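Order of writing sets the chain letters: A, B, C and D. Residues in each chain are counted from 1.
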Amino acid sequence: MTEQQKTAARVGVLGARGRMGMEVCKAVDSAADLELVAAVDQGDDLDAVAQAGAEVVVDFTTPDAVMDNLRWCVEHGVHAVVGTTGFTGQRLAEVRGWLAGRPGVGVVIAPNFGIGAVLMMQFAARAARYFESVEIVEQHHPRKLDAPSGTATHTARLIAAARADAGLGPAPDATRDEVAGARGADIDGVRVHAVRATGLVAHQEVLFGTTGETLTIRHDSYDRVSFMPGVLLAVREVGRRPGLTVGLDALLD
Amino acid sequence: MTEQQKTAARVGVLGARGRMGMEVCKAVDSAADLELVAAVDQGDDLDAVAQAGAEVVVDFTTPDAVMDNLRWCVEHGVHAVVGTTGFTGQRLAEVRGWLAGRPGVGVVIAPNFGIGAVLMMQFAARAARYFESVEIVEQHHPRKLDAPSGTATHTARLIAAARADAGLGPAPDATRDEVAGARGADIDGVRVHAVRATGLVAHQEVLFGTTGETLTIRHDSYDRVSFMPGVLLAVREVGRRPGLTVGLDALLD
Amino acid sequence: MTEQQKTAARVGVLGARGRMGMEVCKAVDSAADLELVAAVDQGDDLDAVAQAGAEVVVDFTTPDAVMDNLRWCVEHGVHAVVGTTGFTGQRLAEVRGWLAGRPGVGVVIAPNFGIGAVLMMQFAARAARYFESVEIVEQHHPRKLDAPSGTATHTARLIAAARADAGLGPAPDATRDEVAGARGADIDGVRVHAVRATGLVAHQEVLFGTTGETLTIRHDSYDRVSFMPGVLLAVREVGRRPGLTVGLDALLD
Amino acid sequence: MTEQQKTAARVGVLGARGRMGMEVCKAVDSAADLELVAAVDQGDDLDAVAQAGAEVVVDFTTPDAVMDNLRWCVEHGVHAVVGTTGFTGQRLAEVRGWLAGRPGVGVVIAPNFGIGAVLMMQFAARAARYFESVEIVEQHHPRKLDAPSGTATHTARLIAAARADAGLGPAPDATRDEVAGARGADIDGVRVHAVRATGLVAHQEVLFGTTGETLTIRHDSYDRVSFMPGVLLAVREVGRRPGLTVGLDALLD
């Protein structure tokens, strides 16, 4: 999307035959400023990636494979964007250790590449201190096992922390006569409501209210391809950010 | 709003100095097809209404006063639109008795003159049989004492009845891991969520879902003047509906 | 979904290898009260459908094939639900002619099987007479060629007709200083706004306003599978409606 | 709302009998950490404000009166929060000149004290670079003379600048067949739609879209009292910000 780049960055994809890997290959292929030079999966030799001249690697593999892949990338001076899960504090420390010896190399590890969801949370945390009231309504398909969603719970905690920081007390609520559950779940003092209905995918609304006005931040996700713009953003940015970057947040400043 | 009427209907207002009565006077005054000919309140003589030639009377008085007012109207052949509360089955039967002797006279008694709310409930009841899932989210100012609102509870019951009638079972819901309250209140099997926030007035959303699509019916009420279009509708219709009509629903067919 | 049916209705699908036909096969297969007994496509013999004992046929074929299919159905006493396009008044008359000789057979032909969209239009037409103002905002993916959408245009015309019928004049609008296009397209006096954005699928909102309140009817369609509940509804209903039924509206009364 | 302040700040209101001034008096009066010590209007002597020991003055007067008021405040070492309109670059320079001689005094001048609207614009400007598509839908009462609103136009310009800055080209749009106006007004390349309906107050929605997801920021303003939280925020902050601060933005960092 940006037009500053003169020549296309050369990208390799690890886990290329997986569900997410295939989407990444398509997305890189469609981006004018990126070139897909290697698509490898389990059993393929990583040297193919080096021979193809990849400058950045995207890894959507498995917790078992990802550490070996990452060490290889750092050793070969290839930047890495990682969506694979399972990163403990210990694993992150290990990656930092490798990077210490290769100051020019960048690694971005993110549990969630959805730009919209990350911005929603950032904006919610920023708005929190200015509004007396706030509630969250998340809406998902009825096959979901947890209520509220992890994103809603995380958003509520960010908001609660920002309110505490600003010295805000509890939101006003005169409810005296409640049918159990009507006022939602209490997550650190923030009310969260979980709607489940056939036809829905993944949606969340954060409603802030103060005297005479409300501000609503809403995110609608329709498809796993919604992670691709975040992956591409990281691919474009990773070379300018040596060392380890955890979370897409850090790239959205 | 309609332009069929040749001459303006002559309207009297009882309870004209009350909060609602004053709004009715203003609304009648602003309507091109209606003429405010009498505005009386406690202590005033009802004969002033007859002398002014009122064809329709609007009553926003008190449960103590309304029955005497209504009998007077029926006896004098004046149609009546009543927003006063406190009508029991016994009172309604009494009014029907008076009307039996005056076949040309119409009386409309309604607990809620909000056209938008009434249509929302009608549409929700009608849509209910066609959707696998349905949930209600109502949003109000934080001074409200009950959760969910009476309108939300009533809507849920109408929907539950329509679903039962169509042979629909419970909406699908795989939730296994719930923070208490997240999934809302259970009103006859319909989940209802109550949001409270400063800045809000009175809002309700009914969300229907089926494979690949959702249908949402939303009502936003900002002000008590929102009852006026319903009152004026009843004033215009009451002359064409001899006998007793209970509820605005019956006028919205 | 309904549980009245004792034995599953036997269904055949014509055009079973097409995009929509495949979805219909899956949907029939998943419905407890329906049984998929025949799935045929171009080149297959229709007699297989008869031999399989199909009571209802669903036709998503082509304008070239559909008339022969329909005549065959009527002759064999098999009810038909048709989503194939290209039905002119002349074609409908022809179908009515065939049905005249077979009084027990039902045929449902519908250009749009989306229950949500059809209900949105019905509700909009019904609400129109009670609100001073109404505008439509439709939102679609940016590959769409026409603006506004056919559904939005059709909805606007239904609303305009209902307003005219009720004697309503133009909605109030004091705009004196407009950047060209800001107030949308004028469709029979109803303002329609078309939003285009990546990520959107197909959405429409009809906003009604009167003093102090608004009523909004919103439809969100995420997927072509959103037509399936409408197709199944027609499959279940067609046997109770002998003769020709045009449009899903007629089944949603 | 914050509880850090030990003693209530002493506040004087200029223009106290005006529409906004009266609201400010009420709002200051209701705030636990603020004390209303003087409420003056045209014809009253400003010295009453000094004698009452006001630390902060709020000025909602007229362009004719405001410069004299401000000079008086700066000379007397009283901080000022100003909502009065008519500030040209020349006037701002004059105020800066006065303040140069009184380094401890703060003045906040803002054309719009709506926190929600200001945050909506900030968030929109920040999100702009990450989304391929963006459109604005603003909704107002039908007595409004301009379309789109000033806020919508300003938001569109902020977004357009952020997109240009990020090297984004035009949003994708395949429209070939448009009823005039359907695609809205073009404000620096951003499409803006203006809805007008009875019952609405002042609302705006900014919709961002990228592959598979959308992010929506919505502001609803119901009442002129919606400016009060912004005024109070400025009253609380002005003492910590010596010199001239223009716009509420600067206080919302």
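Brief remarks follow.
Criterion: a contact is a pair of C-beta atoms (placed from the backbone, for glycine too) under 8 Å apart; a residue touches a chain by one contact, two chains touch by 3 or more.
This one's a predicted model, so the numbers in the text were calculated from it and none came from an experiment.
At the interface between chain A and chain D, two copies of one sequence, more than half of the residue numbers in use appear on both sides, so the contact is built from largely the same positions. Checking B-D, B-C or C-D against A-B, more than half of the residue-numbered contact pairs recur only at C-D. Distance from the chain C centre to the chain D centre is 47 Å, each centre being the mean of its Cα atoms.
We define each chain's centre as the mean of its Cα atoms; on that basis chain A and chain C are separated by 38 Å.
With each centre defined as the average position of its C-alpha atoms, the distance from chain A to chain D rounds to 33 Å.
In chain A, 131-132, 199, 208, 210-214, 220, 222, 226 are the positions where the chain touches two or more neighbouring chains simultaneously.
Listed in rising order, the residues of chain B touching chain D in the complex are 199, 201, 220, 222, 226.
Of all residues in chain B, only 131-135, 137, 139, 142-148, 153, 171-187, 191-200, 207-214 touch chain A in the complex they form. Those residues of chain A that touch chain D in the complex are listed here as 1-4, 27, 114-117, 119-120, 123, 126-127, 130-132, 166-169, 208, 210-229, 233, 252.
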